[in-house]
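So that you can tell them apart, the chains are marked A, B, C and D in the order they are listed, and the count of residues begins at 1 in each.
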Amino acid sequence: MTKNRLEAFSDGVIAIIITIMVLELGVPHAPELAALIPLIPIFLSYVLSFVIVGMWWNNHHHLLHAVKQINGRVLWANMLLLFWLSLFPFTTAWMGENNFAATPVAIYGGVLLLAAISYNILVRVLISIPANEGLAHALGSDLKGKISIGLYAVAIPLAFVSPWISCALYVAVAIIWFIPDRRIEQNVER
Amino acid sequence: MTKNRLEAFSDGVIAIIITIMVLELGVPHAPELAALIPLIPIFLSYVLSFVIVGMWWNNHHHLLHAVKQINGRVLWANMLLLFWLSLFPFTTAWMGENNFAATPVAIYGGVLLLAAISYNILVRVLISIPANEGLAHALGSDLKGKISIGLYAVAIPLAFVSPWISCALYVAVAIIWFIPDRRIEQNVER
Amino acid sequence: MTKNRLEAFSDGVIAIIITIMVLELGVPHAPELAALIPLIPIFLSYVLSFVIVGMWWNNHHHLLHAVKQINGRVLWANMLLLFWLSLFPFTTAWMGENNFAATPVAIYGGVLLLAAISYNILVRVLISIPANEGLAHALGSDLKGKISIGLYAVAIPLAFVSPWISCALYVAVAIIWFIPDRRIEQNVER
Amino acid sequence: MTKNRLEAFSDGVIAIIITIMVLELGVPHAPELAALIPLIPIFLSYVLSFVIVGMWWNNHHHLLHAVKQINGRVLWANMLLLFWLSLFPFTTAWMGENNFAATPVAIYGGVLLLAAISYNILVRVLISIPANEGLAHALGSDLKGKISIGLYAVAIPLAFVSPWISCALYVAVAIIWFIPDRRIEQNVER
């Protein structure tokens, strides 16, 4: 079974998710610069989510690049990841429109955590296919994935201390992933 | 005639359908967890439809994987299937916003039934092309397809007895298809 | 220059156009079947547009299938066609929400006419590339394209006599194109 | 690392951006031609943005066509370009709905400027990869890119003199790019 359509479908879904988030930026009716001020928190939540969805796409791109074979279980594990990503426009808008209040920030992190766990499941399902042993070797202990899950899990309750700590942690995970997994790149190229 | 663009176009349409359904989850204006409670039925109908559209994509993926040749009639049979799938965002939202009332649940099932019949037509048109005889052999009597149509046909009137019976049947069909058609996989790999 | 990305981008745009049209079907708040009755004209205009956009995609698919080479002018001719297609969601909704009144039906036809003319321009630009001479031979006098433009031009003023005559003509063009251009298929396969 | 998915993802995002802009054309409730008159500025801003996004896609297509190799930095430079493009639906609608007032026209130009700078960054990142030296040779001093950035930078303050001068400059840049970069085409074909 080829991975081409899996990549194409995931690209389509992620492209739509990253683009429709901007629809939450309601167009102001007044032509003054001041009319943009109430949009600042919505814009900031959009920027954060754009970076995070971009990060997921990059990781997905790198992960599947190293994959030789897929099966029916991979299709469903991938669908689970896409499901959590599809909730981003909702959580992004809720967080932005409520000015980064504690509960929306925690729920935003909850969806991030569930996406990270799904990504981990996808990695495990892919590694369990014998033809992908190069991927298992390349990923090693998948430290980045485990740190991400840990940071998201910590960030959720911290939202009720200060939502800004949580947001800083969400940004921290994005920075960790910013440089795509060189281990995969190097091992694949060998 | 190659099947690549047919796959790409179908992937695009299905990716958009599965993603715009989430737009029906209207963003609440209050930042409390309680503000999410009225969204629960809409969320549940979204989850159900996400799984079902995912199921259709998986089946479409498997079906076309085994196809060697297409023609103009295949393009239109595929378009008919996409038409019914394109009504999912509407029926999903109507069902969710009305808390799984009998009529929306029945109409939801009606669109599912019409999609299942269209899928069956697509299968027949594909099999009628001599180059795809491997597909005919792989599908056999297409028992799953026939059971799906039967269960949907039964679920529609049962919505007026209890909408939950209908929903259980919609879920049951998804479970039947959850494991993609191993017959196709096995026969293609031979 | 390869045609792959031109096809992929066009597939993406057409897939989005055909799918977002359904968003105009506003979800009724009441769970009764009667709540769907006011949506009937919007639904009919959606069905008509779905068939017409499907027709354009099929034609585009067949046309580009026979193309060997593209250039910068092809990119822009294709963009012009996509521009008129992108207005379909607007004209479809305007026609449907105003119950097929004369002016919206005429404007709907105007956009169809401009799309048909753009398609003709795209065909001419493609034929003007020496490597595509097989396409020129396959299309011959492009009778279908000329009949379409003629029928749309006639249908627009007739909307003010009776919008239903215009709609019948729009359907007639779709039927003419329903069977994709066998001349192309046959000549390419030789 | 192959560039196929980068192209596919960018095509998807740009296809969605170019298409959802049309959603700002609110459907009028009256069936008279006069009901379209208030939409004229929104339509004009849509046409302008459609041409500009089309221009970006064409450039992106030509640029990546000449690329032999990509890396993780290319993915992020591309994501930055897509981010600014994703704000087009917002700035287009704000400019159109406020009848080309000075501030929205200036902000519109600001996003154009940031997109042009990001495109320049993408070009530099691509050229810095040794395998793409043919691209560096083909682009030469990238005069067009520099002129675009200059014209956008001039157009922004001029919006407060007259928004129409700014719009004329935005159109001028589109005309400069209308003919895709023949230098790339010629050098690649050698």
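As a convention for this text, contacts are C-beta pairs under 8 Å (C-beta built on N, C-alpha and C of every residue); 3 or more make two chains touch, one makes a residue touch a chain.
Note that this is a predicted model, so its numbers are computed, not measured.
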| task | Would you kindly state whether over half or under half of the residue numbers at the chain C/chain D interface are used by both copies, giving same or different? | result | different
| task | State the superposition rotation angle between the two copies chain A and chain B, fitting on C-alpha atoms only and giving a multiple of 5 degrees from 0 to 180. | result | 90
| query | Approximately how many whole Å separate the CA-defined centres of chain C and chain D? | reply | 26
| chain B and chain D: spacing of chain centres that average the CA atoms, whole Å | 37
| request: Hunt down the residues of chain A that sit against at least two other chains at once, touch-wise. | output: 8, 12, 15-16, 20, 23
| field | Touching residues (chain side chain C, partner chain B) in the complex | value | 7-8, 11-12, 14-16, 18-20, 22-23, 25, 27-33, 36, 47, 50, 54, 57-58, 61-62, 65, 178-180, 182, 185
| said: Looking at the complex, which residues from chain C come into contact with chain D? | reply: 1-2, 5-6, 8-9, 12-13, 15-17, 20, 23-24, 71-72, 75-76, 79, 82-83, 86-87, 89-90, 93-94, 97-99, 101-104, 107
